[in-house]
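As structure tokens, here come the structures.
Next come two complexes, and both contain subunit A; in the first it sits with subunit B, in the second with subunit C.
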Partner chain A sequence: MSDASPPPPPAEASPPPPPSTSGSPTDFLKGVVGKRVVVRLTSGVDYRGVLSCLDGYMNIALEQTEEHVNGTVTNRYGDAFIRGNNVLYISAAEAL
Partner chain B sequence: MDTSSGIQEPFDLIRLSLSEKVFVKLRGDRELTGVLHAYDGHMNLILSDVEETIMLVEQVEGGPEGQTTVNVAKRKMNMLFVRGDGVILVSPPSRT
Partner chain C sequence: MSGQSEIIDRVPKDESAPQQPEEEVALNTILPLEVIDKSIGQNIKILLTNDKEFHGTLVGFDDYVNVVLENVQEYDSDGPKGKIIKKMLLNGGLVAMLVPSIN
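Up next, the complex of A and B:
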């Protein structure tokens, strides 16, 4: 009973990860405002541009927007409002 | 916070497009251009002098799988209410 050696202490937490892997989704979104992003819609269409702003519905305002379908540019917009319900993901296209 | 165009939330983009000609991309391969008169938080829209463009994508009869033809149909309407849930993207005229 008492001869059992105590279990080894749990491994110490690894060194803090680089900033790009920490924080909440909200922190990520705050970080990408003003940066180049790729917004993919559930339809599979991609919008590449500079993220001006977004709101709680994930409605998105993009600048210098290119619409990509199957890897080819199909449209360009100076500004674009994307209704949030269509958004699948937002990907950072440059270093944060 | 302020980006180059001075908008704080995505709906500002729409507000700045009132009385302007806008491009609207809808579900079901439909597009609209018309003058924006009103909108609300659902992105319900009132447009005037509208041209609707409908892309009819059809499988080529007897052709290889995936080969499609696109037929384009257009029609015009004086005044139109657009239900917000059909909206994918709204692009204002390029402001220079």
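Up next, the complex of A and C:
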């Protein structure tokens, strides 16, 4: 009978997350995935490579990995998995 | 935060009664991580369990005290070590102490 107006679009379940400006560890990690990073282990060994992914344990998968001991390259790996408990820090090897 | 206000709300409200000391304590309690939250954007010194230190600008942290830092200098027992690191995420598992506002 009456011209039923189309139903309103469903309300957004939740607003989109705000841009990553808060600087939390999660935001930092979102920013460095896919970039070249330096991963320093507690033993002092550095692994430089492209960060392909990581999880909440700081388990890390790296590509094009170079192992640095005392500043010299000691090994190269195509892919490397680092168990998170060994990680001292992750830093960006290039500007974010 | 919400937990704190709940505690305060449960205190019976009597307008004539003077301020209860318990209420004052609840209001003045500062949680440890609040101290760190106030230091965001300032210089901070982070002491690790292995006698290393990281000095830099605090960008952020989480409940595990994983810490994001900028312009970081690493120190060991012999003094400064390596170059300044522009931005890094320090694993909270090794953090022993955070000392705000060093220069």
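One rule holds for everything that comes next: the second predicted complex is superposed on the first by the 74 of 96 C-alpha atoms of A that agree within 3 Å, B and C clash if a C-alpha of one lies under 4 Å from a C-alpha of the other, contacts with A are read in each partner's own complex, and residues count from 1 in each chain.
Here, a contact is a pair of C-beta atoms (placed from the backbone, for glycine too) under 8 Å apart; a residue touches a chain by one contact, two chains touch by 3 or more.
Model, not experiment: these values are computed from the prediction.
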| item | value |
| --- | --- |
| Clash-or-fit label for the pair subunit B, subunit C on subunit A | fit |
| Touching partner for A:66 - first (subunit B), second (subunit C), both, neither | neither |
| Touching partner for A:27 - first (subunit B), second (subunit C), both, neither | second |
| Which superposed partner A:85 touches (first subunit B, second subunit C, both, neither) | both |
| Which superposed partner A:55 touches (first subunit B, second subunit C, both, neither) | first |
| Subunit B versus subunit C as contact partner of A:77, first or second or both or neither | first |
| Gap in Å between nearest CA atoms once subunit C and subunit B share a frame through chain A | 15 |
| Common ground on subunit A, meaning residues reached by subunit C in one complex and by subunit B in the other | 85 |
| Touching residues on subunit B, where the partner in the complex is subunit A | 3-5, 7-14, 23, 43, 84-85, 87-92, 94-95 |
| In the complex with subunit C, residue positions of subunit A that touch it | 22-29, 42, 58, 84-85, 87-92, 95-96 |
| Subunit B contact footprint on subunit A (complex, rising order) | 33-34, 41, 43, 47, 52-55, 59-61, 63, 65, 77-83, 85-86 |
| Subunit A partner contacts - residues on subunit C that touch it in the complex | 40, 50, 54, 59-62, 66-68, 72, 85-91, 93-94 |
